[in-house]
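Down below are the structures I want you to see.
Shared chain: chain A. Partners: chain B in the first complex, chain C in the second.
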Partner chain A sequence: MIEAKDLHFTYPTGLEALRGINLTVDDGEFLAVMGQNGAGKTTLVKHFNGLLKPTKGEVLVNGVNTRDVSVAKLARNVGFVFQNPDHQLFSETVEDEVAFALKNFGFEEVVIEKQVDWALNLLDITQYRKTSPFMLSGGERKRVALASILAWDPQVIILDEPTIGQDYQQKEKLQQFILQLNAQKKTVVIVTHDVEFVAECNPRVILMSQGKILAEGIAEKILTNQKLVAQASIVSPQITQIFLELADLGLPTDVIDVHEATKILLARLRDRR
Partner chain B sequence: MSVFEGFRFRKVSSAIHNLDPRVKFFYVCILFVMAILFTKLLALVVLFFVPLPFVFMARVKRQWLRSLRGAAFLAVFIFATNFIFGYFYPTAFQEITPPIDTLVEYLVLLERAAAMTLRFVVLIASFSVFFLTTSPDHLGLALQQSHVPYEFCFAFTTAVRFVPVLADEAQTIMDAQKARGLELERGNLIKRVRNYIPILIPLIVNAIRRSLELAESMESRAWGASKKRTNLYSLKLKRADYLLVVVSVLMLIIAVYVWLYVPIPSLTALLSL
Partner chain C sequence: MAVIETRDLTYTYPGATNPSIKDVSVTINKGDFVILTGPSGCGKTSLCRCFNGLIPHFYNGKLEGEIVVAGLNVVDHKIYQIARHVGLVFQNPENQLFALSVEKDVAFGLENFAMPRNEMRKRVDWALQMAGITELSERPPHELSGGQQQRVAIASVLAMQPDIMILDEPTSFLDPVGAQKIFEVINELNKKLGITIILVEHRLDLAAKYANSVIVMDEGKVILNGTPREIFTSEEARLIGVGIPKATRLYQQLKQHGIQLKNVPVTTEEIANLLREVLKHD
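So, the complex of A and B:
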């Protein structure tokens, strides 16, 4: 469990990025942190594995204050996939890249081999195991970065803007993959601007603005509240916007899911006949 | 990364910021020459205080101190190197006759190492104040008006402009690798140096990638299409600029006079009096 209590953070430049965040992320929960650029989303999640330490307040990971332990120790339980895979890839082969963290954590050679195989297979990149990560496409590099985090099987997985630079098919796969992780009782935290992606996954949403939590709740409630989404400089999913435009016809305005929308529209069409 | 912070330009309205960059560069070059002229600790201590009025007038004290703090590691390295080499090759000093065994000889050695370190600190201090108070645009303009070919001006200003960008990127890369269990300060000296490989490779690869992208984007915006470029702004020397030129020349004259005719005592000699 991750708890942030009255969390404040000010960068050395004087920028006050977080201003009194109170938040609990339960074990096995799927959470999406949303908000405009500069709202403090990435700054917040960087506190969850101790990369940033609070200026005021505290962050507890499984009851341990992040101030008291190193990033390496926290990282054993909290995996963090950065937005840009090019910020971490450096090894000669994909295989070495995925094994990097396992070596840092001191796993035995046999375990490393097994975990690397498992992670490569999971992300469908086994065919690239002897290839240089620099030779891969953007989407493939992102998968290598993800595999290199999943390889040590952390309990919490944080993904910073996972859908950026991914084509539609990859995004679909990523969605399935994240839901699968969550189904395996992993805690998943994603930082994203992608309302369509969140609408499809339907996690608990934290909406941030200017270093504070503006609102929190189920995606359906947050993403259909026009006042809130305007305050956070995001827009509702397209399907919600269509239903809002057609509200005069008596259509509900709290729909975010395409499948649910289809069901409602089909029912209406049947009634008309 | 704080050493780079100390070179990042910040827009502040001050008499120093408004000075002509050519004159400021001239002043910094004079400081550079003076720092190279003297090898005695006493002279270099005096030189250290020369850029201080500049720092206070420009209101960049915090950033300037940060650049000094950032240079501390290299300063310690310079001190250690000078002391060790001075110990094994004492013939480089006129004051010492090998072997080094008396306290006074050790003190001379220490003073010499401290002087060389302070020389480095003076250079960092003066160049830091120049870059803190001169925008890359003004720098480019100054070079162009000094008849340096535009290609070189552009390359130079781009390099200066990208220093803070690279510093930010290096920080992100460090965070990404720490999140995979890398502990930079772990192990012996060789291991610690090796720990930086996962930082340096992505940094270099990204820098090359970025430079190629920049070249393409510049070319697609007709860079170099016209041989004769015009500028919206042009630099003109004002009264304050002429005053700084006079002050700089006077400083140099005094420094050369002192160097030629005034024997500067060493601290060790002064103390023994």
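So, the complex of A and C:
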């Protein structure tokens, strides 16, 4: 469990990035952090693995104050995948990259091998195991970064913009994989601008603006609230936009899913006949 | 009039065993707004690097077939000659920005063209304004957020007013409202200034309405090439994981259940209008 209590953070430049965040993320939860560029989303999640320590207030990970432990120690439980994979990758081959943390944590050779195989396979990059990460495309590098974190099986996984550069099939796989992790009681926190991805997963959403939490709730409620959406510089999912345009015909305006939309329209057309 | 023409273009990076681009033959006309899409790793970025000569001049490797851009044979011309016609906005803005202030970064290309100072001043201000970052002009690019950096990268290419602009996922770090604004800026450049646009994008929901053509690549090959409507309703596009816009998906779902709308919609407005007709008539 992650708890943020009256969390404030000011960068050395004087920028007040977080201004009193109170938040609890339960084990096995899927949380999406959304909001405008510069709202403090990445700054917030960097507190969850101790990369940043609060200027005021506190963050507890499984009851332990992040001020009292090193990042190295926290990292065993909390894996963080950066927005830009180039901030994270450095090894000569994909395989070495994915094995790196496992070696640091002192796992046995057989375990490392097994975990690396598993992670490469999961992210569809087995064919690149001997390739330099820097030879790969942007989307593939992103998956290498993800594999290198998943390989050591942390309890909490933080993904900063995981869908960048990913095609539709990769996004679908990511969604299934996150649900699988949740079923194993693992916590997944994503920072994202990808409204359509969030609409398909329907996780709990916290909407941030200017260092504060503007609203929280299930995606279906947050993403269809026009006032909140405008305040946070995001847009509603396309399905919601379509239904909003037809609101005068009595269609509901809180629909985000294409299948639900189809059902509603079919029912409506049948009634009329 | 064709501004980019390739015939049987095949390219292999140095040290690689398989080509990243295979037998690509495409024609892009002046004033086109093309979306280039396809699965991650399919060769989109590599093809863009051919369009501005980074391939083969910077990356080396083995290039076969023909490629002519803005009337210049890419193999026989230097990158700086091609750069006068083609601007490339990189996928990762950090790979592009290097100056100590936003303004200097935006002016860099113009300095290389030896443009007179007054004119340069005007161009830089215009580009900053178009990209919505006038207030950032004195800031160091490396201190900016990912989204802001993307705008700087766009402004620095824009300042050169190229005939052809290639943008490789230019809004991936931007919030949806910011992304929409950038797409509108790109659309304006295309419609008002007639700049040919090649946009590499997965999120077709956002970009589809501006484009007149979509090229889909898979495993280094061009497998589909047509109008957005043709591509989004094709079975191949769905199978290789092209992100069909929700408006088109909803159209397909309804069709499966026996409701046939009059046209294939690409945007939310289009499908809303089509639905309105059906709902009213019934």
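The rule we apply is simple: the second predicted complex is superposed on the first by the 273 of 273 C-alpha atoms of A that agree within 3 Å, B and C clash if a C-alpha of one lies under 4 Å from a C-alpha of the other, contacts with A are read in each partner's own complex, and residues count from 1 in each chain.
One rule holds in what follows: a residue touches a chain if its C-beta (ideal position, glycine included) is under 8 Å from a C-beta of that chain, and two chains touch if they have at least 3 such contacts.
Bear in mind the structure is a predicted one, so any value in this text is a computation, not a measurement.
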Label the relationship between chain B and chain C on chain A in the superposed model as either fit or clash. clash
For A:T253 in the superposed arrangement: first (chain B), second (chain C), both or neither? neither
Determine, for the superposed model, which of the two partners chain B and chain C contacts more residues of chain A. C
Is A:F105 contacted by the first partner chain B, the second partner chain C, both or neither? first
Once chain A of both complexes is superposed, is A:T262 in touch with chain B (first), chain C (second), both, or neither? second
With both complexes overlaid on chain A, does A:S233 touch chain B (first), chain C (second), both or neither? second
Just to be sure I read the superposition right, which of the two partners does A:D86 touch: chain B = first, chain C = second, or both, or neither? both
Looking at the overlay, does A:H193 come into contact with chain B only (first), chain C only (second), both, or neither? second
With the two complexes superposed on chain A, say which partner A:T126 touches: chain B (first), chain C (second), both, or neither. neither
Quick check on the output: what are the common chain A residues between the chain B footprint and the chain C footprint? 84, 86
Show which residues of chain C lie in contact with chain A when the two form their complex. 13, 16, 37-41, 44-45, 91-92, 94, 145-148, 169, 172-180, 202-203, 205, 240-247, 249-250, 253-254, 257, 259, 268-269, 271-272, 275-276, 278-280, 282
Over in the complex, which chain A residues touch chain C? Could you list them? 35-38, 83-84, 86, 135-140, 143, 161, 164-172, 193-196, 232-235, 237-239, 241-242, 245-246, 249, 258-259, 261-262, 265-266, 268-269, 272-273
Would you pull the chain B residues touching chain A in the complex into a rising list? 2, 5, 169, 172-173, 175-183, 197-198, 201-202, 205-206, 209
In their shared complex, at which residues does chain A touch chain B? 12, 46, 49, 51, 70-72, 75-76, 79-80, 82, 84, 86-90, 100-101, 104-105, 134, 148-149, 152
